[in-house]
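Some structures are shown below for you to check.
In the two complexes that follow, chain A is the common piece, with chain B as its partner first and chain C second.
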Partner chain A sequence: MEHSIAVDIAFLLLAVLAVVAGWRVFRTDSMVRASFFLLVSFIAVGAIMILLAAEYLGVAMFFMMAVEMMVMALFMVMFMMNPAGLNPMMMVHQHRLSIVAGGVAFVILAAMALFSSFPADPLPAGLDPVHSLGEEMLGDSMLIFESAGIVLLATMIGVVVLSSHRGRYGAAEEGSMPPGLEPGGDPAGQPEDDESGGGHAHHHHH
Partner chain B sequence: MIESLASLLMVTVVLVLGPYVVAVLDRLVATPTGAMAGDVWLGPLSRAAWLLTQQANATEAPDWQAWRLSPALYLALAAVGLAVVPWSPTLIATDLVTSVVLWGSVEALATVVIFLQGWSANAVLPLIGAYRYVALGLSYILISMFVLIGVALPAESLQWTQVVTAQESLWNVIRQPLGLPLFLVVGLGLTFWGPLNLADSTDLAGGTSAEVSGPSRLAWELARAVMLVAFSAIAATAFLGGWLGPWLPGPVWVLLKTLAVLALLLWLGHRLPRVAPERCVTLMWVVLLPLSFVDLIWAGVLALWA
Partner chain C sequence: MTLVTLLLLAAALIGIGLYGALSQQSFVMLMMGLELILNGVMLAAVAFWAYSGAGAPEGQLLTIIVMAVMAIEMAMGFALVVAVFRGKQADTTEALSELKQ
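What follows is the complex of A and B.
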């Protein structure tokens, strides 16, 4: 298929952006930054999909990933032990396993890219990508897509319901207190008790 | 070639002049209420010049890159929105077949950018403003999505030019009476303007931009104003028939309709009461979101019937 040099340049720039942003996800020290680097990476991939004439899927990537990464960042801040907003934290763990898994995945994908022969099918002349995608998803496969969607939604709600009673410092129904600074010490970060010291439980309710 | 250059020129002109028009219109609309003092025509310029000469504030250990980028990114999103507005059947910067969805993405990405503006300052009040916008922004996006699907249904297309063409017999503002009022609420929310200014509100001492001063503050306010103009142009395209109209050429009609929506939004911004954020979320989810379902069903039934 004939395409201009501008498409090639755009593809290369977007590919580099996607890879660099993806790499930064693991090198940054904050959940929020990691989420938004991932968002940048996905936006670059979405733009590449538009270059590949997948006009709906590419644009869908923009808004889906925008909302998804925003919600993900929010949930991580809500549920993680150390959300690390602007406080630095180590974002990676199980280093050796991750390095091996990453290396193997890279070799397999690179081998596939280099050694498989991709078909050179030009786009059919009257292709309407939005219409054909709609036919594909909402024609014969509508039942599958709709049921998968409802199952996913139910799973998400279920997970939040099951996990949300467990706060950062214990279960919600037990009343949560931060641990002490020393083992067995008083809860950290609490306001000074007033002089009454009678242990009125309602003083601790905030 | 000439047309694409001309459309790019239009986008640039709106980017440059839009904020001034917003500021002047806002002052004209506010004058009867006595809410704004100062010269209507020179006031915005002197405020901009004053902001430019102010020192840029710094907080303790902010995320500098995100903090400096977020106004620029918000402006870029507004520019993307302007780029999909058709000024005439052919005078359009990007006639993507999924341009309605691209506008939806602009609204979604705006949430991220507004959050970043508040989060990266590393200060309490901006952070509260940022979380507040995320909580509210999700409901704006949902309402907007259903309204936009309703607009796309009679056109049987996700392309703004087709949406306008489908309004040749009847404008969507009459065909889907719930659509424009709901979409206007989305517009005030997206630019956190007037009663829906809960992200940058005075109860948070300026919210996401509480710690922003000087040129960055100017950039942020310019970006908000341009986003309001872009939104008005999209609303004029979606509901008021875009370039359609007698006697005058298409682009003039788009301009007039955009200005009309803009003036209406600014007027609403001064006349509607402010809602508390918690009650605003309830209002969005319990009242406006079901109304947007009704709007969508209305549009669907009409499309089947026609």
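What follows is the complex of A and C.
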């Protein structure tokens, strides 16, 4: 696929933006800001898709991610203890292992990208990507596309069931008592009664 | 912009996402890591479609499917977070320990 130097420069800038924003997601104090950094990363990748002539996918990415990240930001405000980042915060566990795992995953995937030979088979000259995607979705692959729709419907039902307070026969948790960890012991998973060790004992690593 | 540079970018996104998914304590931040992994996967799929798949329409379809997976992951994840928060007032992974003995 032939492209100009401007495309290369745009790709470079967008790639740096995607990686830096993705990295900042886990380095910012504010969780709302983290979700907007993730949105920036997604938009950069969507723009790269448009550079790659996948216009439909790139634009779909913009819309989907804009909505998704707004929902995420609302969730942060609703549930998280520190959405605005007023005090410095670093809530991580197994930090060194995670850094090593992320680094190893990058090195392995990068080595695969660098050292394996993929067939060079670029887009044909007269291809209309949006048209061919539409033909595929409502033609040969219609079953797959429709199955995705059914799975989304099942997800919607499951989400409503999971997040509703009450079922048909009263409160969802009523009368349910988990068994004890040892025979005859106290039910597992119940909140402790003492006031000192409350539910929000977060670890703060600095 | 070549296939190799695109795949390197995808690898970087997957690596960062894996780090986030393994290291974050908050459920929602953990889900952000998973989203970042899928972001890299979608970019790699489009890169292969454009440079090595001769524009086969199934390549774009694969990306659409990954997008649907992402939406499902997000919706189910949030529903589970709500359910866990209602039951235990917990918003971090450390707070869920009843299977630990």
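Worth pointing out:
In this text, the second predicted complex is superposed on the first by the 136 of 206 C-alpha atoms of A that agree within 3 Å, B and C clash if a C-alpha of one lies under 4 Å from a C-alpha of the other, contacts with A are read in each partner's own complex, and residues count from 1 in each chain.
Everything below uses one rule, namely that contacts are C-beta pairs under 8 Å (C-beta built on N, C-alpha and C of every residue); 3 or more make two chains touch, one makes a residue touch a chain.
Just so it is clear, the model here is predicted, and its values are computed rather than measured.
Within the superposed three-chain model, A:56 lies in touch with chain B and with chain C [touch as defined at top].
After overlaying the two complexes on the shared chain, residue contacts for A:159 are found with chain C alone; chain B is out of touch. In the superposition on chain A, A:36 makes contact with chain B only, not with chain C. When the shared chain is aligned, no partner comes close enough to touch A:125: not chain B, not chain C.
Of the two partner chains, chain C is the only one touched by A:151; chain B is not.
In the superposition on chain A, no contact is made by A:6 with either chain B or chain C.
In the superposed model, A:70 makes contact with chain B only, not with chain C. Number of chain A residues touched is higher for C, counting chain B against chain C.
In the superposition on chain A, the residues of chain A contacted by chain B and by chain C overlap at 56, 60, 71, 129. Taken in their complex, chain A has these residues touching chain B: 32-33, 36, 39, 50, 55-56, 59-60, 62-63, 66-67, 69-71, 73-74, 85-86, 128-130. Chain A makes touch with chain C in their complex at residues 1, 3, 7-8, 11, 15, 18-19, 22-23, 25-26, 31, 34-35, 38, 41-42, 45, 48-49, 51-54, 56-57, 60-61, 64, 68, 71-72, 75-76, 79-81, 91-95, 97-99, 101-103, 105-106, 109-110, 112-114, 118-124, 127, 129, 132-133, 135-137, 141, 144-145, 148, 151-152, 155-156, 158-159, 162-163, 165, 173, 178, 181, 188-189, 191, 199-200, 202-203. By the touch criterion given at the top, residues 1, 3-20, 22-26, 28-29, 32-33, 35-36, 39, 42-43, 46-55, 57-58, 60-61, 63-65, 67-68, 70-72, 74-76, 78-83, 85-95, 98, 101 of chain C touch chain A in their complex. Chain B makes touch with chain A in their complex at residues 61-63, 66, 96-98, 101-102, 104-105, 107-109, 111-112, 115-116, 119-120, 122, 127, 131, 134, 138, 141, 157-158.
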